[in-house]
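Going by the order they are written in, the chains are A, B, C and D; count residues from 1 in each one.
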Amino acid sequence: MSKGTVVLAYSGGLDTSCILVWLKEQGYDVIAYLANIGQDEDFDEARLKAEKLGAKKVFIEDLRGEFVEEFIWPSVQANAIYEDRYLLGTSVARPCIARRQVQIAQREGAQYVSHGATGKGNDQVRFELTCYALYPEVKIISPWRIPEFFNRFRGRKDLMEYANEHDIPVPVTPKAPWSMDANLMHISYESGILENPKTHAPVDLYLMTKNPEDSPNTPDVLEIEFLKAGGIPTCVKVDSLKVIYGSIVNLICMISLFYLNSGKHGVGRIDIVENRFIGMKSRGIYETPGGTILYQAHLDIETFTMDKEVRRIKQGLGITFSELIYNGFWFSPECAFVRDCIARSQENVEGKVQLSVFKGQVYMLGRESPKSLYNEELVSMDVQGDYDPCDASGFIKINAVRLREHHRLQGLSGSKK
Amino acid sequence: MSKGTVVLAYSGGLDTSCILVWLKEQGYDVIAYLANIGQDEDFDEARLKAEKLGAKKVFIEDLRGEFVEEFIWPSVQANAIYEDRYLLGTSVARPCIARRQVQIAQREGAQYVSHGATGKGNDQVRFELTCYALYPEVKIISPWRIPEFFNRFRGRKDLMEYANEHDIPVPVTPKAPWSMDANLMHISYESGILENPKTHAPVDLYLMTKNPEDSPNTPDVLEIEFLKAGGIPTCVKVDSLKVIYGSIVNLICMISLFYLNSGKHGVGRIDIVENRFIGMKSRGIYETPGGTILYQAHLDIETFTMDKEVRRIKQGLGITFSELIYNGFWFSPECAFVRDCIARSQENVEGKVQLSVFKGQVYMLGRESPKSLYNEELVSMDVQGDYDPCDASGFIKINAVRLREHHRLQGLSGSKK
Amino acid sequence: MSKGTVVLAYSGGLDTSCILVWLKEQGYDVIAYLANIGQDEDFDEARLKAEKLGAKKVFIEDLRGEFVEEFIWPSVQANAIYEDRYLLGTSVARPCIARRQVQIAQREGAQYVSHGATGKGNDQVRFELTCYALYPEVKIISPWRIPEFFNRFRGRKDLMEYANEHDIPVPVTPKAPWSMDANLMHISYESGILENPKTHAPVDLYLMTKNPEDSPNTPDVLEIEFLKAGGIPTCVKVDSLKVIYGSIVNLICMISLFYLNSGKHGVGRIDIVENRFIGMKSRGIYETPGGTILYQAHLDIETFTMDKEVRRIKQGLGITFSELIYNGFWFSPECAFVRDCIARSQENVEGKVQLSVFKGQVYMLGRESPKSLYNEELVSMDVQGDYDPCDASGFIKINAVRLREHHRLQGLSGSKK
Amino acid sequence: MSKGTVVLAYSGGLDTSCILVWLKEQGYDVIAYLANIGQDEDFDEARLKAEKLGAKKVFIEDLRGEFVEEFIWPSVQANAIYEDRYLLGTSVARPCIARRQVQIAQREGAQYVSHGATGKGNDQVRFELTCYALYPEVKIISPWRIPEFFNRFRGRKDLMEYANEHDIPVPVTPKAPWSMDANLMHISYESGILENPKTHAPVDLYLMTKNPEDSPNTPDVLEIEFLKAGGIPTCVKVDSLKVIYGSIVNLICMISLFYLNSGKHGVGRIDIVENRFIGMKSRGIYETPGGTILYQAHLDIETFTMDKEVRRIKQGLGITFSELIYNGFWFSPECAFVRDCIARSQENVEGKVQLSVFKGQVYMLGRESPKSLYNEELVSMDVQGDYDPCDASGFIKINAVRLREHHRLQGLSGSKK
């Protein structure tokens, strides 16, 4: 008698392979689910492995298109960045993966979902809040939070032993002394030797970007075009090569953007300490080559085309949005609300940005837009334009009314600050 | 009969030299005042020139110490940045310069102050709000906003003619086709050919930083130490060289920091369109080598040592502070209030940051602090520490209560979002 | 030869009558424009008076419908309130009036608009920003800021003399020692004897509301219904009387709401000091009977139906919106943006609120909604519902992780806070 | 063998009496702790009862002074209000009570604390976050979240039975069909028949305030004085009676304020639906007579004396502070930070406010202060003062620069908004 069916977010690695077998051992039918969000993976081999381990069904789902269109683009529109530095590459992937997971669970009549995220991290929260939000009745099995599991598997050695006992293939190459997570947008590295915040990251850690010391000695000049309908990058030209963004070629565009240009120049490496939702500080190293370029390019075209005060309000919403994404609330009413507000702000965000990438850095070179609020004549030091400089005197004096009153009060109270 | 005495913010250049003579022509006694805030200038020559042009008195004031301590440091503590990109190098200098100007005016019994800022820019606002705030009765003569002046001097040619007529020495080298402003922290470039936002900046524009293409092919590794009493960088070590920050050597430290290390590596160049306080968009190019490194270093040590939620609140205050500085409200009750709040937030911001600078980019390498809230055992994936992973289940489920209710409501209303 | 045509916002009173004649004296053709926004006024008499004074044309425009639908409702949706107390009754009327004024100017080919607002107030800003935003080329004649005008008319006596000289009918009743402004939503009182912030308002000042001491000794119970499509009050039932809101009867509804019920009970009187946009503090007394009830009712139904976190974000937007309205930026890109965001937040704000009004106070009695997120079973102390109390332990302990770390750090540093 | 010592927050009621006995049954030594925060209670009787039930020790602690000075005053300074309506009377009491509880636990060497708060409410969070923050190693026993307890006591009947079995005195009067919580500042009512948000509250529910229908037919006029050192109310004069606030008489002042004046006039009743921290909506009825008056009075004196822009920033901090208090984070680094910032903002908040209370409503009548930024001459419509109305033209035109540019762009794009 089966206890029921579990849809397991399966990665093909040692942890989730052991979890798959352990879940079966506990009496569940297991459906293995593996999302393709652009990571470097042999999906066929993973399918075979899951089947061999006893998965009732295996779903390998190509989510790259929806990942880019529904999750990465809104983040680019928001200039989403967590704690001033982290571009949220992992955070935006989790709701995308978990949404399909519960869709499969609902379609297959499974009452349970399971994942291999640890009990101290952010990902457990991101996965599970998505599941509860979209499938409120779901039951979640989180082995790394179940004492029978985590007390049995206290280290990698225990997992290896269990694998050997249960005919689970074990990795032949030794594990790097840190953990990593990769997708179209970025790779993150954490744990292991990186847990000491003072320790410098090894030179050979980075897989997605070239070491700037070894990257080309001449810059590449890019042009990124944001087309009508709001702040969405639609086209990347590299020198003579021009790639048009559209419904079909978006991934080509992404790949061209993410791999060819930016990783080549070592753009987007950061080494930070961040504050997890669950209240711990952790150290993370990230490389987000294309995302870093898109962030800079969007920031530039947005400031060029958006009204100053709309920008201020939208900046605040973007910070809120970033925190919501980081904390796992992508599928929440407030995140939907903020997303809609931000989309509204992008109405006129349209135009071309020229930039160069070189040795890990992005340099804006120029920008143009049919929707710009930039008025060259108005701002010119050489032309008066439709502007009377005398007005500025009144503007300044009225702004000073309050400051002069404050000074008067200080004089009265005898203390000057 | 003199109309009264004017303290003129004098730069030694063509504009303010003409203004000096023109003010005399209008019947004022003129005191020339030139602040040394670290720009590259022959101050003795400027003094002689002002005297020759008929200044009643000339004050050359070395403000570098107070500029660093009272204006740059609070900005570093705030992670002050305007519209996500501009480090406010000019904005923080203006109140420093104008404060001394009104102090001189009060001491010398002058009722007037004057400056050469244009009628379309931010600097007029920053100068004058400072003057009104600290010397509310002052009268300000702003020639570029007075029709008799700006109608007479419609271009550089008119100024040159006037100079020739009045024995004002004219520059021998041709003027660059843009204007610039320099101080310890940065150089800004704007106007002229830069007014077209699409035009790329000429390669030879930058004076403070090396072109990253020509900068050294090996990184420099720095260590910056922030000492007790809150988020103030106190020491920079470059390889074997260690410079201690203290009351006397702060400028040495600044110079070592700003010139030796960072400009050499081409750090801190940006090319942006920004929103001026008076409602125009303008294009500015800035190079802020040391400021960029300090920004990154302080951000790192702050996130390492400051509580997550304090950081969130402080981040919002920092944005407010940046806008206030940009708009010229340094000497306002709200800016004093925010500055005090931010200073309060820095109580535990203390420690060392290791970083490398290379080809225009700053890379954080590691950090350590006696006041860190980072708990290596707590966060470790290999050690349970004083943490029960089961707690996370409850945490997530309670956070999901609201999301599940929202889903229920959507089900009722028949529309799923 | 006419200097051109001016559309003057004409009130029928002494000030704008003198301005009308003065403008003609200056050589302008004058079109008198008077908006009906619900104030108590003899519009026919005002028309005759303007014609007699030499207005080329007179437009009396009934704006009550658009005032309610386009200006009051969005403010109700936003819970708009300035500095925690003022319900913005004057602020929302100004853009409504000025919009029609520039529409008339454009239709009639007038290059000028004029108004009688003083040079120290908020209304000049609200009028003129609206004019510039909607008709950027317009020229504005603001007599109370023109030295020839304000130096000539230094007090009421000068206006009276001028009126007598130019056959302008003067008021027969003596002017109250304060100024007032009335519309559908409220009446404001300021200036004159009210300028001393310590002086109590005279008992006979209030025109719209009964003195609570004289109001009925039994409460009225109201039911206000907010219908689908977001937070708009659509129906008010008073005891047996039920008024349905719809496209035609909205004014009836408004009148019933504003006059019959609330003024009768003395609701909505406030006496405050507020901060004007131009940097002064001023004292204002307002009575907003219906607006106060609507504010309370909408707040109640909104909290009942809106997700907690959406509410938090929307609350911030509402504060921004209120400041924008107060400062005169109704027709600005940022105000349009915020208005759209707030409208989006109202999707599920729908239901009925029961309340009683009595002696100046509004008491919420109960509420119901088909869209409520209130779950009686979930929250019940007597039923467990779909809620496991054990989850709260984990929730609390994870929330405490950060606090315990902070305590640890304090222990280390030897200072407990 | 005892399992250890528990300090139980004991109320003297049925629930915590049963918990006391149950804890002993489980093998713990129990110290009963009862805080006097101004509720109406026979403390001697409670002590006897606890002793009789087997408490090892009983502590009755008079916390009224510190409750007022350390918890209520900072809330008054912040204008603390949750979701625009709730004055946080229960929320500020919890950290005050729990702080003393852990102090006792530490002093008595107890490893455990316990309380009778339910598993669905806010109070469990407020109690426990305080405990963890101040005594990180503490273990918390929360019976209403322990299955053995809550499954055994499924309703009041089970508790009564248990009481009868264990000689626990049971209440002789029938329990009201709702629960309530009282302290110096307010009484709250929730649960039971109030759980239906549509049900009107019974007329006889309120214990602290008179029904406005029965309250005096003439207003009382009060004067509240806020003395130097920031926004703290120090004196209340009622007609001829003047009570001076000081270190000793503060409670007298409080009592006079809270009971004599305001409850008498029925001030401070609200009936709301609110969002609990744990994600549920709940219905609460509160009466906060003195707190409501203090809120209004402080708001008035603050706006009168505080700079406009400081006020804006402080308003945002006050909202944050209110959420922190509501959610139980009084003893958190961010709450300490915000409290210090708010205290800094109160430097000049000093002066007298005159107000009247009548039939449930508070009316501001006038205010005066030696520190006011109100400048009667500056704002006067009859005196020009040190203000040039012409400046306003420039102020408005510069503010319009951006709006006119936006209009230009809309013209280009062909869509007007």
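Quick note on the criterion: a residue touches a chain if its C-beta (ideal position, glycine included) is under 8 Å from a C-beta of that chain, and two chains touch if they have at least 3 such contacts.
Here is each chain with its UniProt name: A, B, C, D = Argininosuccinate synthase.
None of the values given here were measured: they were computed from a predicted structure.
The chains touching chain A as well as chain B are C, D. To overlay chain C on chain D by their CA atoms, one rotates by 180 degrees, a value rounded to a multiple of 5.
Distance between chain C and chain D, defined via averaged C-alpha coordinates, is recorded as 31 Å. Chain A and chain C, compared by their mean Cα positions, are separated by 43 Å.
Annotation: 40 Å between the Cα-based centres of chain B and chain C. Each of the following residues of chain D touches two or more other chains: 278-280, 307-309, 312, 316, 329, 332-333, 372-373, 375, 378, 387, 390, 392-393, 395, 397-402, 404-406, 408.
Those residues of chain D whose C-beta lies close enough to touch chain A in the complex are 307-309, 348, 370-373, 375, 378, 386-388, 390-395, 397-399, 401-402, 404-406, 408-409, 412-413. Put simply, chain D touches chain B in their complex at residues 278-280, 307, 309-310, 312-314, 316-317, 320, 329, 332-334, 337-338, 340-341, 344-345, 398-402, 405.
Contacts from chain C toward chain D in the complex involve residues 79, 83-85, 118-120, 124-125, 128-129, 132-134, 136, 142, 144-147, 150, 155, 179, 191-192, 195-201, 212-213, 217-219, 269-276, 278-283, 299-300, 303-304, 308, 311-312, 315-316, 319, 323, 329, 331-333, 336, 354, 358-361, 363-368, 372-376, 378-382, 387, 389-390, 392-393, 395-397, 399-400, 402-404, 406-408, 417.
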